[in-house]
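Below is one structure; the comments refer to it alone.
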Amino acid sequence: MAEEKSILAVFSDLEPAANAIEHLRSLGIHDDCMNIISGIPVTEAMLGRPSQWTNVPRIALGGAILGFLGAGFLVFVSPYLYPYPIQVSSQAFVPGPPSVVVLFEITMLGMLTSTFLGVFLDSLFPSYRPMKYVPEISDGKIAILVECAVPEEGKVTEKLRKMGAESVQLAEAQHL
Amino acid sequence: MNSKIPEIKLSEEQTGKWGMVIDQDICTGCQACVAACAMENNLSFVGEVDAGYGRSMHWIRIERFWEGEYPEVKMTPGQPMMCQQCGSAPCEPVCPAFATVHSQAEQLNLQVYNRCVGTRYCANNCPYQVRSFNWRDYVRPEPLPNQLNPDVTVRRMGVMEKCTFCIQRIHKAEDKAKSEGRELTDGEFTTACAQACPANAITFGRIDQPESLVSQLIRKHGHGVKHLEELGTLPSVTYFKGG
Amino acid sequence: MSDQNKPSVQGTAGHHDHGEEHFREKHLLLDPLPRGEMNAMVMESMQTTSWRFWLVFAILSAIVVYGLFYKWGVLILKGQGEAGVMRPDYWGIFLVNTVFWIGISHAGTFISAILRVFKAEFRRPFTRAAELMTTFGLVQAGFSVFMHMGRVWLAYWLFPYANQRMLWPNLHSPLTWDLLAITTYLLSSTMYLFLPLIPDMAMARDRSTGWRKTFYKILALGFRGTEGEWTHLRNAMNIFAFAIIPVMFSVHTIVSWDFAAATRPGWNSTIFGPYFVVGALHSGMGAVVMVLAIVRGTMKHMKYFIRPEHFEAIGKLMLIISMGWAYFFFNDYLVQWYGGDKWTKQLLHFHEAGPLGWMWFAMLVFNVVIPWSVLWNHKWRSSPWLIFFVGLFINVGMWFERYIIIPVSVTINRMPFTWRLYEPAIEIPMSIGTLALFILLYMAASRLVPLIPVWEVQEGQMAHKLTRFGRKTVVTVSELE
């Protein structure tokens, strides 16, 4: 692969941004070479982008299963680990209804904790390395980050300008 | 059809191992049992102020009430109240730390002092209100420490405690019988409260052995009452009143 | 977004409508400002502190140091005897406070999760203000539980791990369930507070300098707002919104089981679970309006974000919850009364005619009479200060309710020989200390954390439009997701 340049074009509106994406595609730039950075959640459908893959629900399910297994260990195994079985009141050694409570709580804990960690894993958080970004984005702008081969840079920049970008610049990774 | 309907299980049919019989008609309310228990089990002296505020540290107490309207008042017979060593104790399952559990061997309700973290749920859930909490580290003035019973742990602040049916005496007697290669006989030993009772109102022994004195007394009186039996706690103490 | 996308009157351009100005004035989501301006407002509100703020902050810090830390030290050194607990009131104000603070914490989840699931748009500006209450309320609840323990230095024995002889905690105990439930709730509500905060932290990072820059940079985790990041975040928030609701219900239900599972007259009630949950929401919503009224009255620019419409909407919820509370209270009362158990009868009589009978009646007035007589009126419940006082009364009333359920009810048990009335001692300064710590944490957070989820407000403003149907202008909301 030849050397690549990345261009960051800032749009203030959805419509021109969506149009620009379409035109970039007609220039032969693959969707994988574009990324959208925005200050509010702009759905893929709004910009005509392929839908994003996320592992968060799977990680959540995995966490729920782990939590359930952990709770199962606590409920069904841990009482047997003590050498002398402990009797309390006339309750069964592994009591029914209390086990349900414990299974529920720890399953939920596993699920919610892993959902949270899933965001970290999927988004590679935390990351304090320099990144391509402009602060205007958190003012509600939509930025298109295009990776293209060096010879195409001029063409792409011109296209983005024509489509109504507020600013088009070579993206430099900087400390946020 | 009828075979599908279970038969009722009466709690009287289920017996523990150790039990107590208290004859309220001959109890004089002298409090000797209370004093003997305190000496035997190394109870703290909480002092006047705390005792007056419901923090008395007694494993056994004599309850008496005024009955009737003035001027026609009389006192009810003394009712010694201590841990009833329930067969199905409400205090046991609620402890998060397993500090109070059921002894399979002795059918007693145990209190494990060094597991206790002081949530006081057991005391709250005890329908007999017989558990005592160490609200403070109480001072034991000299020379009283010399009187401490070496067979019994001294409890510290923040720990729950209660009547153990003098489990140290039970174990001592059982160990002695075992070393002599014989069975424990009825009346070989007794609890501190029963030993101290001048009227012999308290009798301690095996309620699961039909020939023991307690079983005979229960049969003889025939109208023993177990307190708050309706809660399904299966208490091991039987009271006689108005015989 | 640009102005064309704003939910503004442009949708109906060409018609001059007097109603439109009125809509804008009334509804935050129809009164959009450019995002940059909103960001600046939120940043400014965080960075502005008056001398009054620092005065209150200093006073509260002093109360926390004395009432919470010093007195707690005394309590630990000298034992629970310093408190008013005794036989038969083994449980006192510390557990009243625990239940109370867990109740407060329910408001945050109710508002941010249930209202999010049902897409109640009025929630947008104050979800975070409510979630902060959840986290800080749970901190107080945790403190209160530990204050209550006789040997708090061994509290870690309750955690699910074995001692050296492989003895694990007792899973039969409602207190163990409580520990698991409160831990789950504290962790998950904190995570749920943090997730929607990440974009706002990034916003704050982009427009701050100095130590704040470092602070926000660390907490923003390097968030930029890429498609992937938003997708993961939205998915996670969705899972949280649904999953945290049963957790929230389970927490207060399990708290109620601490009482309902006990063999005590007045406690052993099957309806305690939902009764406690509704009670929790009652005090929680009351606390939310109090916090919002104070935030609106004292912080810069908050009058734009938090408007009478929001108090109006919460007021309606409060009225419904108050009715729910009255329903459960009456249900519990009637069945206990009808049952005819002699101890329960004694207890009910003691509630109403005992030395704390005034508290029982005050509870009913504060929890039912006052909310019902104020909140039915649209104008009254839109008034921040009026509803602030309704919230205050509800919170006092709900504290009374817990006080009646715990130390007052345990006075009456099946052993009349032990009956005795509880007299609080060291609990009073320590309770004031926890309250002060809650306010202190909240004050600190209000200056460190963007209190308004700006991106959620902007999203809501995009989704709202005015549409004309014939002669009438109405608000329409689009579902963006």
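The first chain written gets the first letter, and so on, giving A, B and C; residue counts start at 1 in each chain.
Simple rule for what comes next: contacts are C-beta pairs under 8 Å (C-beta built on N, C-alpha and C of every residue); 3 or more make two chains touch, one makes a residue touch a chain.
Given the structure is predicted, the values throughout are model-derived calculations rather than measurements.
> If you tally C-beta pairs in contact for every chain pair, which pair wins? Let me know.
A-C
> By CA centroids, point me to the most central chain in this structure.
C
> I'd like the Å distance between the centres of chain B and chain C, where a centre is the mean of that chain's Cα atoms.
Comparing mean C-alpha positions, chain C is 45 Å from chain B.
> What is the distance, in whole Å, between the centres of chain A and chain B, each centre taken as the mean of its C-alpha atoms?
The answer is 63 Å.
> Take the average of all CA coordinates in chain A, do the same for chain C, and state the distance between these two points in whole angstrom.
The answer is 29 Å.
> Which residues of chain C are in contact with two or more other chains?
167, 170, 172, 176
> By the touch rule stated above, which residues of chain B touch at least two different other chains?
Where chain B meets two or more other chains at a single residue, that happens at 90, 93, 95, 98.
> Would you please write down the residue numbers of chain A that are in contact with two or more other chains?
Chain A, residues with two or more chain partners: 86, 88-89, 91, 95.
> Can you list the residues on chain B that touch chain A in the complex?
Interface residues on the chain B side: 87-90, 92-93, 95, 98, 100-102, 104, 234.
> Which residues of chain C touch chain B in their complex?
78-81, 85-91, 148-152, 154-155, 157-158, 167, 169-170, 172-176, 179, 258, 261-264, 410, 413-418, 420, 423
> Which part of chain C faces chain A closely enough to touch in the complex?
So the residues of chain C touching chain A come out as 1-2, 4-5, 34-36, 39, 160, 162, 165-168, 170-172, 176-177, 180-181, 183-184, 187-188, 191-192, 194-195, 198-199, 202-203, 205-207, 217-218, 220-236, 239-240, 243-244, 246-247, 250, 254, 455, 458-459, 462, 480-481.
> Inside the complex, what are the residues of chain A that reach chain B?
Touching chain B: residues 85-91, 95 of chain A.
> Tell me, which parts of chain B touch chain C in their complex?
Answer in residue numbers: 50, 53-56, 61, 63, 65, 81, 90, 93-98, 115-121, 123-125, 127-129, 131-137, 157-160, 228, 231.
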